[in-house]
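Scrolling down, you'll hit the structures one after another.
Look at the two complexes coming up: subunit A is in both, with subunit B in one and subunit C in the other.
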Partner chain A sequence: MNVIEIKNLTKTYGKARGISDISFSVEEGEIFGFIGPNGAGKSTTIRTLLSLIYPTSGSATIFGKDTVQFAPEIKKEIGYLPSEVFYYDNMKVKDLLNYSASFYKKDCSKRIRELAEIMDLDLNKKIDDLSLGNKKKVGIVQGLLHEPKLIILDEPTSGLDPLMQQKFFELLEEENRKGATILFSSHILTEVQRLCNRVAIIKEGKIVTVEKISTLKENTYKKFKVETKSTLDPNYFNLAGVNKLEVKDNLTSFLFKGNINEVMRKIADIEITNLWIEEPDLEEIFMHYYEKEA
Partner chain B sequence: MNILLHELKAYRKSTIIWTISLIMVVALFMSFYPSFTKDTEEFRKLLEGYPAALREAFGINLDNFFSILGFYCYGLSFVTLCGAIQAMNLGTSIVSKEVREKTADFLLTKPVTRTTVLTNKLLAALISIILTNIVYLAAATLLAYQVATEDFNVSIFILLSLTVLFVQLIFLALGIIISVIVQKIKSVLTVSLATVFAFYFLGMFSSTSGEEAKRYLSPFKYFDTAYIIEKSSYEASFLIIGGIVMILAVGASYFIYAKKDIHSV
Partner chain C sequence: MNIFLKELKSHRKSLVFWSIGVFLMVVSGMFKYESLSSSGQPMNEMLEGMPKSMLAVLGIGEFDISTATGYYGLLFIYLLLMATIHAAMLGATIIAKEERDKTSEFLFVKPVSRNGIITAKLAAAFVNILILNIVTFVSSLVLVGKYSNGEVVTGDIVVTMAGMFILQLLFMVIGSSLAAVKRKSKTAASLATGVLLLTYVISVAIDLNENIEGFKYFTPFKYFEAKNVMFGGGFEFTFVLLSGVLIAALTVVTFIFYKKRDLNV
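Then we have the complex of A and B:
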């Protein structure tokens, strides 16, 4: 079942770019990454899903219901954490969380205490006095306290130290195990790589590709580095699918996409002293998509 | 209900401060009354020396200026001015506060409709204003009894005082529509002071020209105190206009707010 289904969603603001013709869906129980640089349209898409802004054309459904028409109903089961959290300053953390909980028709007090403990958050402080990272924690607890079925995160990690980030990811994975679907928007690829099953890459308001992280990696280049006793003839690895060949003294390096056996046979024929075959990280794949389109 | 309570809590401090301010303004005026009545004739001569237009502009009516009710009316115009600023502040901040403090994301991703949000915020503002008026009315009546040298008609006194509430309601409605239309209001006070004073001066000029029709331009002139004292009632046409302004402004606000894009800032 698809928890989120976006169909030809378009949002334009006057002349400024919004998003155009975005379609993808998020399945139940997935951690879905939504990546792209700042200004590519991630927030616009998410804000449309939450009906904070309304689409120019196209539509989206969450839990099978139209996001505009059934907004309040859908939101009962959504937890949202915006990239910048600002809350009513004159309140204590506890009061704000209770205010947030009062919108959901269930007792969240136990969950608030649990989450605060995990995130190491002092409930009795005034929000005014909190650091950016601690405000973020308030945001996280606020987004998760009603145990939502869908968690939408818009660049959630800024301001969190690595330790807290780790705890936060564990928390998300735990929620996911319990059945929550997660839409995770980010421009930091390592965190997407660490957490997500599938990703949508967005560029200048358009979806470039939607792929499984594993497929994304399979379908791309592998990095080869071959060390030999003597300098190799640069033409030795002149195969289809070889790119960026570089020969530097005894070290030959190139990128390869295609049947890996062909390269392996070539390598087997020569005397080598060392060999590295590396998966490109997501960053490189991502750059690849961006360069290709540019 | 939770939004209403939260909003009321947020308004508590400002409501108390405004209520005290209104009472202080009226107390200051009323404290002059005993010395005024002592030298009635001298004052009358002095005021007669001023051009009639100026007297009109400041709402000084020589026929009843020296009765407690007439004197109260003079002070009341300043109370109304302050009250209008309070109401305008409340109205303007209803939506803009959420945008400025970036809490709109928090509130509007909760399972509530925008109509519910606006209704609760509106109710909270309304309750603040009504509470202000109840306390003000009690204090003003008490003060009037303290300084009055002769009997006066309490029901007229109450009718006069209630004009503060009506003017406030109109400005509350104006404030809401502004806060819904304008994308981002940096300073609520600037907007509300500018609007309120614009209407105040518009009212002053319209009364110097003496044309009846121009009174419709400024809510400050919807309630003619001399008329109220004479007839012990309000002028129906202005009540209706005031009501229409409010309904239109509030109705349009609901409509616009429901359709509006809430941008991240």
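Then we have the complex of A and C:
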């Protein structure tokens, strides 16, 4: 069953911003990554799903119900963490969380305490006094306290230190094991890779591809940089799958896609002084998809 | 219910300040009356020497300010201005503040409809303006009564306060509808206050120039003027009806536009 189904969703506003003709679906029980650079349309898509803004054309369903028509009903089972958290300043953390809980017709007090403990959050502080990271923690607890079936996270890790990030990911995995579906938007590939089963890549308001992470990894380039004692023959790495080969004095660099062992054997045969193998960054994956389209 | 209570709580402080404000206005106004009436020089004589336009701008007009009720009629216009400014700003901010404070991504992802949110917010604003009205009413009743030397003031105060309440409601929904219609709703409060001042200036202009009396339908400040409701036979049906229609229409506008609009997130 699809928890989220987006069909030809278009939202234009202002000049060029917005999203156009977006379609993808998120299956029940999945952790689905939604990845793209800043301004690509991730937040616009999410805000349309939540009926904060309305689609120009196209539609989306959550739990099989139209997101505009049944907005209040489906929101009972959605937990949302916005990319920037802003709360009513004049409240204590405890009061804000209780206010949040008061919208759901169940007792959330036990869950609030549990989550606050996991995230190491002081419930008696005033929200004004909190640091950015701590505000984010309030957001996390606030998004999860009613044990939603669908968790939507928009750039959730910004402001969290690595330790908290780790705890947060464990928390999400736990929620996922209990049956929650998660839509995880980010511009950081590594965290998406760590957590998600599938991803949709968005650029400039359009979906470039929807892939399993495993497939995406197989299909992506690795960046190689080889430093040798003497200048290398440019043809030495002339293999299938090698791209953008550059030889600059003692430094040879290229992108490679395919069976990594072939390259490693080639490298083992020469005398090297240093070696870098890097995962391509997000931008390079986009380049890859854009080249393919062109 | 939770939104309603939250709104009441978050506007509590400002309501206290406004209440103190109107109370001090009544106190200082009636205090001045006392010193004027005891100074010996008949006030009416003094006023007769002033040009009519000056009197109109000051809001004195045709009041006999040597009597407590007449003086109260003069004071009323300032109370009305305060109460309507409060109402217009409240109506606008109570709707616009979620977007201004960027809390809309908190509130509007909760399982409540936008209509539900607006209903709760308008109800909270309604309670606020009602309380301010009651505070004004009680302050006036007590303080004017104190200086009235046996003159009966209760009836006059009741009708003016009833008129004021209708105008408070009207300006509240002017504020809320502006906040609902405008995508940049942050500016709604200043715009609503602008509308209010403009209509007030129109009402003064009408006092200065009888030729433009037809404009009185465009300025709520002409609907329930103290001189008419106190000394001229009470409420005019046309204006009660007009206010009712405007309040209803602007309430509907608030709901419809806010429901359809993209939130400014």
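Quick note on the criterion: the second predicted complex is superposed on the first by the 221 of 294 C-alpha atoms of A that agree within 3 Å, B and C clash if a C-alpha of one lies under 4 Å from a C-alpha of the other, contacts with A are read in each partner's own complex, and residues count from 1 in each chain.
Keep this in mind: contacts are C-beta pairs under 8 Å (C-beta built on N, C-alpha and C of every residue); 3 or more make two chains touch, one makes a residue touch a chain.
Since the model is a prediction, treat every value here as computed from it, not as a measurement.
Enquirer: Which term applies to subunit B and subunit C once both are placed on subunit A by superposition, clash or fit?
Expert: clash
Enquirer: Does the superposition put A:Asp66 against subunit B (first), subunit C (second), both, or neither?
Expert: Touch partners of A:Asp66: none, neither subunit B nor subunit C.
Enquirer: Counting only touches as set out at the top, which of subunit B and subunit C does A:Asp122 meet: first, second, both, neither?
Expert: A:Asp122 sits against neither subunit B nor subunit C.
Enquirer: Once chain A of both complexes is superposed, is A:Glu170 in touch with subunit B (first), subunit C (second), both, or neither?
Expert: After superposing on A, A:Glu170 lies clear of both subunit B and subunit C.
Enquirer: Which partner does A:Leu52 reach: the first (subunit B), the second (subunit C), both, or neither?
Expert: Touch status of A:Leu52: both partners.
Enquirer: Considering only the touch criterion stated at the top, classify A:Ser100 as touching first (subunit B), second (subunit C), both, or neither.
Expert: Both subunit B and subunit C are touched by A:Ser100.
Enquirer: Figure out whether A:Glu84 sits in contact with subunit B (first) or subunit C (second), or with both, or with neither.
Expert: After superposing on A, A:Glu84 lies in contact with both subunit B and subunit C.
Enquirer: After superposition on the shared chain, which partner residues are touched by A:Glu246: those of subunit B (first), subunit C (second), both, or neither?
Expert: The answer is neither, since A:Glu246 touches no partner chain.
Enquirer: Taking the stated contact definition, name every residue in subunit A that is touched by subunit B in one complex and by subunit C in the other, in rising order.
Expert: In subunit A, positions 47, 50, 52-54, 71-73, 75-76, 78, 80, 82, 84, 86-90, 99-100, 102-104, 142 sit in both the subunit B and subunit C interfaces.
Enquirer: Which part of subunit C faces subunit A closely enough to touch in the complex?
Expert: The contact residues of subunit C facing subunit A are 2, 6, 10, 101-106, 108-113, 116, 260, 262-263, 265.
Enquirer: List the residues on subunit A that touch subunit C in their complex, please.
Expert: Touching subunit C: residues 13, 47, 50-54, 71-73, 75-76, 78, 80, 82, 84, 86-90, 99-100, 102-104, 142 of subunit A.
Enquirer: What residues on subunit B touch subunit A, complex-wise?
Expert: Per the stated touch rule, the residues are 2, 6, 10, 101-106, 108-113, 116, 259, 261-264.
Enquirer: For subunit A, which residues are in contact with subunit B within the complex?
Expert: Contacts found on subunit A: 43, 47, 50, 52-54, 71-76, 78, 80, 82-84, 86-90, 99-100, 102-104, 142.
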